[in-house]
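Two complexes come next, and they have one chain in common, chain A, joined by chain B in the first and chain C in the second.
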Partner chain A sequence: MSLLDALPAPRLGRGSYPNVVLVSLSAVMLAAIWGLDAVSMAPNRIVQGTGAGVMEALGWPGALLASLLVLALGALAFRPNPTNYSAALGVVVLILALMPFGLMVAGHFLIDPALPQARLGIGAGYWVVLFVLLLCLIELRLRLALTRLWPMLILAGVGLLWWLCAWLWLGDLALVQEYRARDQQLIRAVGQHVVLVSVAVSISVVLGTLLALLMRRYARLQKGAFAILNFLQTIPSLALFGLLLAPLAWLSANVPVLAKLGVSGIGNTPALIALVAYSLLPMVRNTYIALEEVSADTLEAASAMGMRASQRFWQVRLPLALPVLLEGVRITTVQAIGLTAVAALIGAGGLGTFIFQGLGQAAMDMVLLGALPILILALLVDAALGALAEALRPGGVQ
Partner chain B sequence: MIELSQVSKRFGDETAVDAISLKVPNGKFCALVGTSGCGKSTTLRMINRLIERSSGDIILDGQAIEAYDPVKLRRRIGYVIQSTGLFPHWTVARNIGLVPRLLKWSAEDVQARVEELMGLLGLPIEEFAHKYPHQLSGGQAQRVGVARALAADPDILLMDEPFGALDPITRVKLQDELAGLQARLHKTVVFVTHDMDEALKLADHLVVMRDGQIVQQGTPLALLQRPKDPFVESLLGGLERGLKQAALSRVKDHMSSLGPTLPSQYRIAADCSLRQALSVMLRDHTDRLTVVDQHDVPIGELSLRRVVKEAQLEKGATRDA
Partner chain C sequence: MTHSATRRSAGGVHVTQDHLWMRPLFWGVLLCICVAGIPYADALFRWLEPDARQVIYQRAPFYALLSRHLLVVGVAAVVTIAVGVAAGIAVTRKRGRDFLPLVAQLASLGQTFPPVAVLALAVPVLGFGTLPIIMALMLYGLLPIVRNTLAGLQEVDADIKMSARAMGMTPAQILYQVELPLAAPVILAGIRTSVTINIATAALGATVGASNLGDPIIAGIINGNMAYVVQGALIIALLALTLDSLFDSMQTRWRQRLSSS
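Take a look at the complex of A and B:
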């Protein structure tokens, strides 16, 4: 399956349909390269940067190279076959790998060495091309029938290269300057973020599974519990953090044991409670559905063969439910990674700190410095748990 | 020996099975036939206590079934269903070895038994042992289902429309194989189907059910010759009843010895049914066939007159009995 199947394709030559998706994506990239700002340049951290087009940023050889590569991708997509798709994949990877070098060239052209505060921002054109290239990668993965692992490996390789370039030669880049100014802080924030998410998700996995099991046993519990969980989900996250502030502060003031345990109106405790509250619905819903939708015939066969109830649960129901159950863990975790950013507002730390400080200081690159790791964390978790669920399907497919 | 007496099952106000009585002696093949919703599957599932009956007695080997722990009871009874109910996350070998493992056989014994059964059901071990159910065709999956049911060598086998979802060719093939297996293993089988031809072909004892009640039971021949009412008659094929009866008799049991006249050029194998012999006569426009053995050597002959007369004789015989 691919996006292409939904579109009518014109017939060209002998049985060869152009891949409309890749051709249009190439056109979008070409338009972005020539129509949008490639980079922006600012004399210091606060001032709004001035945009620069591709000719200013890369000079005519760079602009020509970029355009030719994108055109090549579009041309390969006109005659789709496995060889051309592999070549297209090569082109996509090449463009991804060349992009940091483009930034270096732009820095060389545009940054005045006399201004130590001057910095290079990544422009809209650059972001659009990056985003569209990821779409191309997804399309090519489907077309070449590659497993999830391949794009992950490619992206890991490209990411490493970007990291290396940023580390060694991209000192002009605003993002890099923001990072250099507070690298220890960022690493600590990533750690806090990961710990908060892990603890919250672990608690909701345990609680959610228990709740789902109870709901299967006591049918009456099911309606009530889902109603409460659905209601919790509708409270805006900021409001929930606020609502927890007063009662927790009171508890911590009046129950010394809790205060000793670190319970207070702000910080980790309300953050964890809110995260768990939000995580329970997807967790319980998926666990419940996963356990319920195991085929009745299979379960009856298990009984008819003489399995005891416990054997039937552990050997048949649970293993068959596991892929859907893990899907719940995946959704919950990705959601928690995003929500934890908001928890920074009540002093729980994490990457949200950077986003909100950046917003406060009107320093967009600092916002980006907080948002990018959140994005990467979410993608990593998504890919890892997705691959695990895929691996647990019987015989690879079902 | 399975014995049901006055067994009923009510779901709320609905009576699914209404006071049925039935005996299946050891080693016999009993088929429950009827239209959908007549209570035949419910009857079957009451025997291994997947459904608990509302009243009446079910006696297994002289003991009421409540005397058995349901789990242990089920491990002694093979069970095959239409959708196979194979465990999709287990390989073929693991599926087949389930009940022996539940009975705590040693790993080597389980392995040996799995291999034996795969051989018995024509599933080459190298090809199938490590496949998963979704990689099998319908016929292969149902063979695995039968092998799993036979794994702990149960005396009793319950089969709920096992071949209902298969294409006609595979279905006939598996019916033939089941008949062959039964001839060797002599299990006590209760077989549910709505396909009368299947029932006539396999059963020693035929039970026709409607609305939760037994309308008529007896040997296939007895039912064919004297259907009790129009319902049983229509189930048995109406006007084609004569042909179905002919299908129950073998050519070799009804042929005459080779006479002095020139043998017919048209031949039929001794193992074929009289129905097939009639079909060959119609096809080849002849009233005389030469009967040959498996090496194509003539061993007798069969005439149309004789086929018709045999049918009359049998009719007389059952009347006397």
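Take a look at the complex of A and C:
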């Protein structure tokens, strides 16, 4: 988040000056509520659903409540001060908490209980409102100068509530039906995904750090290594997975020891190799830059204090480099989460299986079931590592 | 990319004008040779896949795949550049300043969304074909452009802007004649990153029915035919190298102009 350091401090407590950002976001939400389909319903999982607007889905009391809450958010933003911002945060959390109940109401109105296959889909309007609410949360966090922990706590609470609703009452929802049909499979896929990503990232952290340290010692290595790593990134991930199929298949056929170790053309081995190959560039680059950019004055001061070279490295250079280094881990991990989904094409398992099987069957709910956890995983890792880097920055959390 | 780094490399690289465009030309010619020559390189790819019935991808000619690939990346790049640079300019003006933190956060959020997931989420809304991949590329390519536009514009010396104002320039003149030209190398670097990433990422479009250079790769993975994969990957890598070196030359050229004027 080095970019944000350069930003001007957000204006807080200028009484007469409306917060244009929140006002515009509220306007977008109102437009989405009334202009886009809130939900869709389909008689079974393959047929494309038909959309329904907010009046059909929630009836007029529900539509009125939704609009009033959004209007309240916009109105609070006209008088920005800490109290109103806190109230706005409350309104955002309230809307987030009420959203699954809206789906329940819509299911009650729109889904015929006589059709057991009928299912309720989430419409474009619903997604837009959800996304804009997250933007509101970000904006309010910045204005109230809260740490990253707060939105995470709020979202964790809201997520728990949604999970509870989905578990108990949202049987009509297409996503829930799809989940119930293959919950074991999904949980296993999440597990595989997480394991693949963490193994790949751990390997590349170790290799990347070693490589960066070697580069610092042997300057000649630097140019060649960066050229190779840069070139690796121009090969599409899809192709790298494909290119590893044949050599590994040959190896496992001809070297029995490797075959016994589980090396084969399809599955985890090519996936891991490709993931590590891709992860190395951001990892090495950030580690190298992080270690290089520690100010010479600080290091000189450390020497003047009588620190030995190893002490200087462990007690000065490394701690100062850690936030940038973690930024590299964050980029690497988020990228690996996305790439692992592609690895499903070569039989590595993970959440990509759901996406590609769903695309093959034209079952969009299944695609959604695979894509949403990937997105959530990526956002979670991003937030968690971002918060960690913030906490480790010299001087700690401001 | 700090200003001092910009200046250092501008001073350090002494590329004469004649040699400046040699590298993109080299990669471009190599790309053309591959596109034209692969259909005749049967013997070469036969060595890679001795047992396959066919070793040259034939469902569509490579130049058609290449042009569709370029079209997808190009459309996504034009939209992303327009939106990204406009957003970067808007939030650094006095009126849009309130949106600065949100836009910065939003852009960094955009790259957190894995392209596969965006692609998968876009298919239900936009249908199979080219549109979902353009959408995924746009979202993925926005961050580098917005980030560099913001960085480039904020790095412009306040004194320079002040003296431009003292000379009687209007805000629009300051933007077009002072700020943007000075920020151009940094913005160009952002566009370069965005386009290079997207050339490789666009291959994913083949999984949702957008026909491009990803097609031979997918066909190769499904049929277990390495030759197809190599052909797709080779052309994509050459395309990426051509455009990357082209941007590199443009950046160098722009810096030369800045330092000579």
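Here is the rule we use: the second predicted complex is superposed on the first by the 381 of 398 C-alpha atoms of A that agree within 3 Å, B and C clash if a C-alpha of one lies under 4 Å from a C-alpha of the other, contacts with A are read in each partner's own complex, and residues count from 1 in each chain.
Criterion: contacts are C-beta pairs under 8 Å (C-beta built on N, C-alpha and C of every residue); 3 or more make two chains touch, one makes a residue touch a chain.
On a predicted model such as this, the values are computed, not experimentally measured, just so you know.
Trainee: Which of the two partners, first being chain B and second being chain C, lies in contact with A:M55: first, second, both, or neither?
Mentor: So A:M55 meets neither chain B nor chain C here.
Trainee: Would you check which partner chain A:G352 touches, where first means chain B only, second means chain C only, and both and neither mean what they say?
Mentor: second
Trainee: Based on the superposed arrangement, let me know which partner A:L375 touches: chain B (first), chain C (second), both, or neither?
Mentor: The answer is second: A:L375 touches chain C but not chain B.
Trainee: In the superposed model, which partner reaches more residues of chain A, chain B or chain C?
Mentor: Looking at chain B versus chain C, the one contacting more residues of chain A is C.
Trainee: Which partner chains sit in contact with A:D297 here, chain B, chain C, both or neither? Use first/second/both/neither.
Mentor: Only chain B; A:D297 stays clear of chain C.
Trainee: Just chain B (first), just chain C (second), both, or neither: which does A:A341 touch?
Mentor: Touch partner of A:A341: chain C, not chain B.
Trainee: Applying the touch criterion given at the start, work out whether A:L214 contacts chain B, chain C, both or neither, answering first, second, both or neither.
Mentor: neither
Trainee: Just checking: does A:I138 make contact with chain B only, chain C only, both, or neither of them? Give me first, second, both or neither.
Mentor: Only chain C is touched by A:I138; chain B is not.
Trainee: Does any part of chain A touch chain B in one structure and chain C in the other, and if so which residues?
Mentor: Overlap of chain B and chain C footprints on chain A: empty.
Trainee: Report the residues of chain B in contact with chain A in the complex, numbered from low to high.
Mentor: Within the complex, chain B touches chain A at residues 48, 50, 71-75, 79, 81, 83-90, 98-99, 102, 131-132, 134-135, 148.
Trainee: Under the touch definition given earlier, write down the residues of chain A that touch chain C in their complex.
Mentor: 1, 3-4, 6-8, 10-11, 19-21, 124, 135, 138-139, 142, 231, 233-243, 245-246, 334-335, 337-339, 341-342, 345-346, 352, 355-356, 358-359, 364, 367-368, 370-372, 374-375, 378-379, 382
Trainee: What does chain C use to touch chain A in their complex?
Mentor: Residues 97-102, 104-106, 108-109, 111-117, 120-121, 123-125, 147, 150-151, 154, 196-197, 199-201, 203-204, 206-208, 214, 217-218, 220-221, 224, 226, 229-230, 232-233, 236-237, 240-241, 244.
Trainee: Considering only the defined contacts, which chain A positions touch chain B in the complex?
Mentor: So the residues of chain A touching chain B come out as 297-298, 300-308, 311, 316, 319-320, 394-395, 397-398.
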